[in-house]
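As written, the chains take the letters A, B, C, D and E, and residue 1 is the first residue of each chain.
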Amino acid sequence: MVESLVFVLMAIAAIAGAVTVVVARNPVYSAIGLLGTLFSVAVLYVLQLAHFVAAVQIIVYAGAVLTLFLFVIMLIGVDKDETREENLPLQRKAVIGLGSVIVLVASGLALLTDFQWIPAASNALIPEATNGTIEAIAEPLFTTWVLAFEATALLLTIAAAGAIALAHYRKRDD
Amino acid sequence: MVDPGLYMTVAAVLFFIGALGMLTRRNALVMFMCIELMLNAVNLTLISAGRAMNDLNGQVAVFFILVVAAAEVVVGLAIIVAIFRRRSTASVDELNEMRG
Amino acid sequence: MQTPDVNWLAIGPDLALALAAAIILLVEVQWKPLTRTLGFIAAGGLFVASGLAVVQWFFAVDAASAGSFSELSAFSGMILMDGYAIFGRFALLVVTALGVGSGWQFFKDLGRRGAEGLALVLLATTGFSLMVSSNNLIMLFLGLEVGSIALYVLAGLTRQDKKADEAAIKYFLMGSFASAIFVYGVALLYAGTRQLTILGIGDFLSSFIVGSPGVILIGIGLVVVGLGFKVSAAPFHTWAPDVYEGAPAGIVGYLAGVAKIAGFAALARILLTAVDDFAWSFLPVIAAIAVLSMLLGSIMALVQSDVRRMLAYSGVAHAGFILTGVAGFSADGILFYLAVYAVQLVGAFAVVAMVSGSSGSSSDIGLYRGLSRRSPVLAGSLTVLLLGMAGLPLTSGFVAKFGVFADAWFNGYEWLVVVAVIASVIAFAFYLRIIVIMYMEDDEAEVIAVPGTVRWVLGIAVVATLIWGILPGTLLNIVADALPL
Amino acid sequence: MLTALILAPAVAAIVIALIPSKRREVHLPLGIALSIVPLGLAGYLFWVFEPLPGYQHTIDAVWYEPWGIGWTLGVDGISLPMVVLTALLIPIALGASTSITKRTKEFVVFTLLLEAGMLGAFLALDLFLFFVFFEAILIPMYFIIGIWGGERRIYASVKFFIYTALGSALMLAAIIGLAFSYSSEFGSTSFALADLMEVTLDSGTERWFFAAFALAFAIKVPLFPLHTWLPDAHVEAPTAGSVLLAAVLLKLGTYGLLRFNLALFPEASVDAVPIMGVIAVIGIIYGAVVAIVQPDLKKLVAYSSVSHLGFIVLGTFALTSGGLQGAVIQNVNHGLTTGALFLLVGMLYDRRHTKAIADFGGLQKVMPVFAGFFLFMTFASIGLPGLNGFVGEFLVLVGSYATLPVLAIIASFGVVLAAIYLLWAYERVFTGEPDKEENKVLHDLSPREIGLLAPLAILVLVIGLYPAVLLDKIGPSTEAVLDHIESSTDYVTPEPGRLDNVFTAGGDS
Amino acid sequence: MIDFIWLIIALPLLAAVVLHFVGRFLGEPLSGWLASAAIGASFVFALVAALPFIDGGAEASTVLLWEWMPAIGASLEIQWDPLSALMTLVVTGVGFLIHVFAIGYMHGDERFARFFTNLNLFAASMLTLVLAGNYAMLFLGWELVGLCSYLLIGFWFTRPSASAAAKKAFVVNRIGDFGFMIALMLVFTSFGTLSYAGVFERAPEVLTTGTATAIGLLLLVGAAGKSAQVPLYVWLPDAMEGPTPVSALIHAATMVTAGVYVIARSAAIFDLAPAASTTVATVGAITALWAATIALAQRDIKKVLAYSTVSQLGYMFLAVGSTAYVAGIFHLMTHAFFKALLFLGAGAVIHAMNDEQDMHKMGGLFKRMPVTAITMGIATLAIAGIPPLAGFWSKDEILASSFARGGWFSVLFVVGLITALLTAFYMTRQWVLVFLGEPRWDEGVEPHRAPRVMGVPLIILAGLSVVGGLVNTPFRYTLEHYLEPVFEGISLQHPPEGIGMFLILAGLSVFAGLVGAAAAFLTYRRPAGSWKRFEEGLQPLWGVWEDAYGVDDIYGRTLVAPGKRVADVSAFGVDLPVIDGAVNGIAGLFIGLGQRLRPLQTGYVRNYAALLFAGAIVVVAWLLAGGL
């Protein structure tokens, strides 16, 4: 009962945030909207016992990433309203068209077919199985997934090296 | 007890909002946020699905996707900054020398 | 409390590359050595990696022949060490070596940032090599991102040229968009099957009949789109021309080659082994994409005036041809095509880089006028490579095309083959255009001096093109063992 | 033996490629010298060839086993003449190329590669192998036209390349299809002609495959209305190029029709007889008519080729021993006469740097020997009995009358037209008083040029009077082709002289 | 002997080859004598070989030289029988004389040797034709003589008119050959062989009347081309551009009679096709009259002879058409004598008059060149059919035979009779214009007596023209008996029996001849003014005759010009714009398509994303549609 209530609220909040991201004319507002979405999605995680992931979501996203975004926005000073005049005549039509097609397909799926999001869903939920505590996550993370975990190291190395290579200007460079 | 399908639907909606954002906005940063939206949708999907199937791997996967997102952000912002340095704009509409 | 199942051999090559990259970065920070020194380190890394890959190969072949397939999956099923993966990895290594060799001038020009450049190249290769060998779709996604992100950076690495930014940002935004789509597809596949591993999905689908496969189908579709982007198949190709044109000439060959190899290797593996039970439903789509790519690519290439864009569109067409092989539903045709095409591509771009200068912006076709006089080596090898891409007999390109066409026909896609052969004839037209310019129009511009590394790269590419064209068995016999688990 | 024959020119090409471009004086002589080797081999081959049906000196080496492709070579009465002709014309073509001064080395290399390719195409008995050669030939020819050609050489070379490639592309599809049918019938893949002849196709598929092959070869021949690449290619190509193009490359088309279409798709071939016959005859008349008013000598000869090759196709699809023998021997004849005519035009061009008929007149007075050769070849090409052209055309006409009487009659009118356009051209170029100053100073043929033409002239005469030298070797093979068709379809070759088919002979059905 | 029969062909051929290569060094007159010697030798050889036939009883024999095109029953084989022997003798005999004459005539020409090369080549070809034992070989000779005629008509190639005439001759002949070839196709399809032996024996059993008629008519087409019959005669008058000996040898004595020979040869086939024979006869009669009328009004001395040749050939066709083959061959022989003589005489005159050919500019030459005048006079009488000269006997036999055939042929007989009258008229007119009356020469012309080398042949031929007719008189049909074995089993048309009938018919034709001759003599004996007035009086008919009914430009307007237009249209109206245009059009289509598609690649990331996303949706939708 509570779950459903929270779900509904958070779902609405998430979508609202998302919409803000897309429609807000000022990047700063978009960032705020994104923040909202991230939070509400984090809550939805919690609703599904993904505690650790939710935490990471808040820390990494809301904490690091979004700050970074805002920082860059300020840095390059695009914190002003974006013009709405469209220099691609077809673009807006295309977007609307695509949007309606999606709605069409989706409703078609929902109404005409017995579409199941999770055909392999088990009818009995076992909360312990998916209780995403740190231990629970850590165990597969460092056994089955250890290689993937190592691979993330590469990712970060690249991110670092790449960022430096792109943005960091040494002397004697050009 | 909420039907996991609903979670998935919310995720789908988020995903498509993000996608449409990609098509409408011309500020690289915002487009980029839309991508973050899409990734969030993916995460939500994974978690909901995993929960419904009593499988923890979903959550583990989400962890990695988060990392990827973070890395992408770093590089992406670096590129944007680099461009801004030379062109002092973040509007990709002004980056269309190459076409045809 | 189980312990991680570590298999050093399985990740040996990747480890070697990653180490080389790390060493390069550290050495750079510490000693600021000559780029040449770093080059040697990179070469060493590549060499060791290749050596280990060869070891893996023999191990894999023995294991396969012994029937002990369990030995071929490592890290508790996270990655595979089957012939398919190793072949793909080896191809990546070769392309990397050739790419670095041909783009050497570019790294030199980068000055201090050459270190990052080299490191990123090696890391990208590592990522892609993990991608082709991974069994777990999330792992595959990781590899994909490792590679892609590195490529985004590489595309924008030069500062001589504003086009590079444009290329980088376009590549980056589109790439992230595509990866998001791809990973959503993965998520949906997971939702549909409770499996994240390719083999797992395969077993699941072949052992259960899914009542409402809708979510799985959507998943397949999105995965196809995401990887279709990487291999620049129409209509997901739009980034390719701009990136090829904008990115530094010295790196484009590598960039294009590895993306194609990894993308197709992954796509084929997923389609052929994971969701093969849905072949009946996705093969028509694949065929359609193939047709679109072949025709659009060939026709658009006809009207390009910039050689790099032309090669980009020809790349689109080639994606179509390889997809024809996918429609033929047999891995070996695809692998062979990938290998020979990637080599030709890197070779061709080596020439392009020489003509328009490593980080030079323009590669207008006019620059090639009378090239046969100004540099017979470049003109001659480019001719051979282009003829190879065009698929003329006695070049590997012909054997490759023939292979995929035959597969498609044998799999009941006669009409696709007919379209494909016609498209390949259209393609002749623009390959010939370059040759015409080089040989049949004279222009006494300055002579181009070709450094040794490039000579080596071209020599290898040309010889490979001819050898595999005249004695295809030399490679086909290997490919025959390189089948996915 | 055959392998050596194919490799000899290839090796020669490599040898010459290794000589630095600076030593430009050696390339051409050396090239000619080396091209004597394959000629010798071909001559030997001709000498030891037994006049029997079936293939001789066959080689069957595996190329790539899983695909069932092989280095399968063999020579029979149908390919033998073409092989000899090819080997003979290369030294002559090279000898006629002294006027080529830029990039001599590349020129010689390409010519020799071309020879290797052509020999391979004529000797290949594996469809994959054949296709490889068939397509590979385009490359050197493309360069020969494109680099050493005339004003519009690029247009011509690209047109030539794309056009012919388009045809062969569909053939490739058909080849794959054949192999597939074979593998689904016999379980193993093979591209060997002998194997694929075993395949049983349903008539629909067979017609499609026939069409694909026919298209490829029809473009190569070229048959009306697919001929327009030919005049351009001829006009622009250098002398050697034109000679080889007309004498050998086009023959790949007629040869292919005879060797592959008839052998692989007998049923469809029999059904296609009227169509192919009509197309051929249209070509004969049309080519001749168009040739009449051509202002350019090379174009005129080119269109005359269109006309003459129509005879070959007509003979091929007449499906009588006369017609087939005529077709095969006409392959050689057209090669000799038209090749010689292009040589002559080329020699004229070297002196005067124009090919326009209007620029000449009264040449017989200034260069009688040249005029003599030209007239000789003209009459050979008109089909004067006693010269080779007649043997082929007469065999074809008389042979095809039994099955395609109406077409044969129309076709024989092409002989009249041939007289008109060639003699008119001769009249305008050679007779009258030489009026233009630059024409009065032209020097007659040099001994070298006479040496190039003499062998052709001798062959023209020998074949014209004693065609048995070829027919004896051709006959058994063409008979074998007929037998194959008769055995695999309900077609019966009409026997002239049998009372019951005096007037009901064949008919167009 | 018979095994070496091929020498008859080989000797002149050899001489031709030798002359071709070394003639330049032999020079004049040696090369001429060599040529003459060669053909003379074959004459002697032929004579010896023919003796057995003359005293009768010898079998015709066939010698196979070698297989030519076995697949279509074409082999090179020589048929040695009375007919071929006779033809050989005529060809070699007359040929020899003309060769000798030419030595004088061609004196001083810089291509003297080349002339004799071609002349010998012609002799060899003609002999191939007549000695052939196989239609294919016949066709070989048939075409080779055509070639030689082309070469010799255009011998003075620097004259545009000459080379044009040469081309015309060859092309028109080709049109005839077109029919001939189809005939051969029919023959082969019916018999499975082309050799005389095979064909003639089985003809009755194999051939239906239809086929026989078809073959016959097609042969006629060929023959009409070669023998200058209506409507294909137009090339012969132009052929007079060639040197006069050529006209004499090729266009009077030998080549042009090939048609007659072929029809006589194919008697076995025509025997089965009466309709074809009738056609032949009719064509012959029409030609005879048609050409005769034209000949009346010609001013060019050679043109008169040319048209008279056409007309005489018409007689021969009339003969063979009315199945009086012997008569045809007989006339062929006699005509060879006197027409050759006439041409040579004309040649001598032209020679003497410095290449003047217009008879209006001659006259009074009798005193200057009596030999020529007398010999030509004899020939004129001969051709006019005045007994007992050769022409009388042969022409009379033809007329008599056609009369005897009755029916339609009696109409043809009348035509022949009229022609006889006209012939006498124009021949006499010519002789008188040339030799009698007051000289009308251009100033500076000094006619001189012909050299002996030219005179002797004239005299010999004159002798033949006198006695030649006696080989086949109603009193003794020697020739007929001689040729019997050739035509055995074939119904031959003979002149009516009985001396009375003969006298009547002979009387008629002689009367016609005398009337014509007399009329001409009286008209043209008088001074130029008067006969000019006479000719004026016959206007406009005379004018029509003079320009030969304008047939040439009728052909020009109805055939040549439209043909050229067709060629022009198809070359520049169809080939380039339409067919080639289509090819380039398709190529352009793709380029255009590409250009049209380029804007798709806008360079805007949002567009790219839109495209990609749209693609994604399509793919997904398609998968769902297919999968559910």
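Criterion: a residue touches a chain if its C-beta (ideal position, glycine included) is under 8 Å from a C-beta of that chain, and two chains touch if they have at least 3 such contacts.
These figures come from a predicted structure and were not determined experimentally.
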item: Starting at chain B, fewest touch steps before arriving at chain C; value: 1
item: Most distant chain from chain C, judged by the mean position of its C-alpha atoms; value: E
item: Far-end chain from chain A, centres as C-alpha averages; value: E
item: Interface with more contacting C-beta pairs, comparing A-E to C-D; value: C-D
item: Core chain by centroid distance, with centroids computed from Cα atoms only; value: D
item: Inter-centroid spacing, chain E versus chain D (mean Cα positions, whole Å); value: 37
item: Separation of mean Cα positions, chain C and chain A [Å, integer]; value: 30
item: Centre-to-centre distance between chain B and chain A (centres being mean Cα positions), rounded to whole Å; value: 5
item: Intercentroid distance (Cα basis), chain D paired with chain B, Å; value: 65
item: Per-residue overlap in chain A, given as positions that touch at least 2 other chains; value: 88, 91, 94-95, 98, 102, 109, 113, 116-118, 120, 145, 148, 152, 155, 158-159, 162, 166
item: Chain B residues counted as touching two or more neighbouring chains; value: 8, 18-19, 22-26, 31-32, 48-50, 52-53, 55, 57-58, 60, 64, 68, 71, 75, 78-80, 82, 92-93, 95-100
item: Multi-partner residues of chain C (at least 2 other chains); value: 138, 142, 145, 149, 152-153, 156, 168-170, 173, 177, 181, 191, 194, 212-214, 241-242, 429
item: Those chain pairs that satisfy the touch definition; value: A-B, A-C, A-E, B-C, B-E, C-D, C-E, D-E
item: Touch list for chain E against partner chain D, complex; value: 66-74, 136, 139-140, 142-144, 147, 150, 154, 157-160, 162-164, 167, 170-171, 174-175, 177-178, 181-182, 184-186, 188-193, 205-208, 210-211, 563-564, 566-568, 570-572, 575, 579-580, 583, 587
item: Complex interface listing, chain C residues touching chain D; value: 387, 392-394, 398, 402, 405-406, 409-410, 414, 417-418, 421-422, 424-425, 428-429, 432, 436, 439-441, 472-473, 476, 480
item: Sites on chain E touched by chain C in the complex; value: 587, 590-591, 593-595, 597-598, 601, 603, 605, 607-609, 611-612, 614-616, 619-620, 622-624, 626-628
item: Residue ranges of chain B in contact with chain E within the complex; value: 19, 22-26, 31, 92-93, 95-100
item: Complex interface listing, chain E residues touching chain B; value: 598-599, 601-606, 609-610, 613
